[in-house]
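Chains: A, B and C, in written order; residue numbering restarts at 1 for each.
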């Protein structure tokens, strides 16, 4: 069962080299559904840490949460891609290009799965670097100058960041090799956790800091975040959804592993670094959101903000950890729906700027509604599931430090105003202004710009995501809740329902 | 003992090549220096292999030579030939200032390395200082230079620094992991080369 | 024979041998360069003949010249001679070995440069001031690395006198590599760094090709030559000889860093002398190769190279402070 999660994307990867694109899109649906079913089956029957494939891979509660997130979002993205490929091919993009799309996307998902499930930190590293490389050519998929430059920044910055992460792993290996000797066992996460307090604390601390900075680059923590808005906004929309929704969490998993090891060894101050980075990230993204003019960049900054909140939650501990774990899942769904529905607008209008798009509600009734409610959801408003995650985290923050909680709260309000104001303009604003005139009188007026131009799958997948996201506030399946509870127990979080 | 002393010579040569890299605006020279630097790294690993008699390190030596000394510089030269760049033009600070800055980074890294690494842990003294300095100078190269090739060189320098540190405090990572790491590095260089080609050809950056 | 008398005799002999050999090394480099260019070239001993000829020629001084012009050439050559008196080139007990402090050596070199540039300006020609300012442009850049090289040698060995420094290195190396005892300062890396640093400095200080080209008299390329353009007769002869001595000073220090072997008694002297000459010839070949391979670089690229030299000596100093 566990092997299936790795084998299926790998098989799809190989088939995508030979298969026709339209045929491949059917296969992709099947693969994604199968992976989702496999993960669901694992989640339903999961009761203890399981090692497979010769000890190189394992599943515990924490990576199961992320695994569920990845497979769920991947399922929706596969359906969306089904429509996306057809719409874009009808719009004049060659089939050959989309063959690469499926190839790289499967490689991306495969390496992400390898990273998440790896027991060996070296393999985790290799998988994470492979995700960078696999997504590099997806980000530059449009082959414009901006996309190439975004890719360049992305690859260079993330490679350097991950190289620093490698350094962290090396130092950890040095520390553990004093217990286990120089073998693959010293890199195995389970073994490291068992060694626990026997490890040298100074080196563990150093390793955590390096991992925080290194993998933090890939998570998008604030001083190292430059690449994130560019890379996430330039890729095709389904890829943006995967990048924002799940890849950031995969990188965060690396930091969490180091955090866990430090916790086992009895070092507790790394949490202040998590809190610091988390808060700073929220701060930077709050001020960046306000001045954005590109709606995909807007959502990219929102991802950054949410990663900041999640890191803050893990740093605070206690009830906030549960909030963070829930947030990982809910944020992926919500960010997925935002990128996918804004992808509809982009696919139809080929326009990225916020001030060029007005009165969406007229031309894109469903998409515009999804977009509007999605933004409400991402800001943590009640009818949507992210409210739950955010309220747990904020409770934790307020309990530990009222001043910090107040600051974070103000920043969240900032972000809400920034996001909602802009999307509301896109939703309602009349076309009387200059941009609207241009749209009316210019060439674009001839084009058919409405939802009819795009495949129905593209319209309804975000809608289902929205419904799901709303539903999850009222009913979280109890197996998932149990997994989250058990995972939070590993960080020392407790929950009283 | 003698192996350790010779190994120290090699790591000093790594630092010398990095400083020379900072002092030169020529990209071709920088790639040659990178190859030389990787060779010195490989020799350092070889000295460790002889000293500790570790098969792991011998393997590490071989793959370092294959990937870092031969393959990566080869592809970089090939890309360079296609895009016809030869000189770094965009620098934020002048060369003498950059070199002096590199020196102060070395000073800083010596202070840090003394704090965290006790003498006797590493194979060859002051390896950690050199590796940290190489790391920081590589980062400086990336920040102060705008040309795409210089950024690649900076990235590769950082990577070499981490390899040096990895091989100095441990007797090499497990060979499987090291192979994965080098392969990833190699592929990322390929992708960056593709990006350079695209950017130069289509947009003349 | 009395021990001190032995020191006196061999120290004096060492001094005279180096001084006499100095033009030979310069001539050898010149010969190598010309051969590499495919020219027949002058003889190796041509510089001795030149010196002899210049001494016999009439001395012409500018009408604006003051007493500085009379004393400057002598101060220049005497400061180099004093340094040579201190250096233990192949015999451990050099004549001025007792007072051969490294700082003194560094500042004697600076003193010579100072008086040479004073002489250039004292003559009142336009080229003199130009040459002097150029000379200082380079000296200011290379002086720090020269001083750092000497200071890091001192820190490395924890001795102040140059004779003690090299004896210490020799002893440490002999202990470590011949008998396997680990005692005192043993490192290949630090002397190597110092050697590279000093090599770059010596190219700049001795007006060698990538930085300067003394063979041409084009106003654009002149550094060293512009300073002594006005000198004639005896003064020019002294300046020429001083430049050979300066080259020898740098090469001797480099040869000692490269492979310190100094005789302690009479039986070792022949071997030490042979090794010394061999090392010097190797260095001559090295510098000739550098001169042949490289074109003259633009003046404003000189700081790039010299800053590398400075930083390498700084790194050597950092590492020697740290201990090993």
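Rule of thumb we're sticking to: contacts are C-beta pairs under 8 Å (C-beta built on N, C-alpha and C of every residue); 3 or more make two chains touch, one makes a residue touch a chain.
What you see is a predicted model, and the numbers here were worked out from it, not measured in a lab.
Trainee: Could you tell me which pair, A-B or B-C, is linked by more C-beta pairs in contact?
Mentor: Spelling it out, more C-beta pairs touch across A-B than across the other pair.
Trainee: By C-alpha centroid distance to the whole-protein centroid, which chain wins?
Mentor: B
Trainee: What whole-Å value do you get for the distance between chain A and chain C if each is reduced to the mean of its CA atoms?
Mentor: 65
Trainee: Provide the C-alpha centroid distance between chain B and chain C, rounded to the nearest whole angstrom.
Mentor: Their C-alpha centroids are separated by 34 Å.
Trainee: Could you state the distance in Å from the CA-based centre of chain A to that of chain B?
Mentor: It comes to 32 Å between the two C-alpha centres.
Trainee: Once bound in the complex, which stretches of chain C touch chain B?
Mentor: It is residues 176-177, 180, 182, 186-190, 192-193, 196, 303-308, 310-312, 314-315, 318-319, 322-324 of chain C that touch chain B.
Trainee: Looking at the complex, which residues from chain B come into contact with chain A?
Mentor: Listed in rising order, the residues of chain B that touch chain A are 56, 116, 139, 142, 148, 151-152, 155, 158-159, 162, 165-166, 169-174, 176-177, 180-181, 183-184, 187-188, 191-192, 194-195, 198-199, 202-203, 205.
Trainee: Can you check the complex and tell me which residues of chain B touch chain C?
Mentor: Where chain B meets chain C, its residues are 1-2, 5-6, 8-9, 11-12, 15-16, 19-20, 23-24, 95-96, 99-100, 102-103, 106-107, 110, 114, 119, 125-126, 129, 133.
Trainee: Which part of chain A faces chain B closely enough to touch in the complex?
Mentor: 120, 122-123, 125-126, 129-130, 132-133, 136-137, 140, 143, 145, 148-149, 151-152, 155-156, 159-160, 163-164, 166-167, 170-171, 173-174, 177, 182-184, 187, 202, 206
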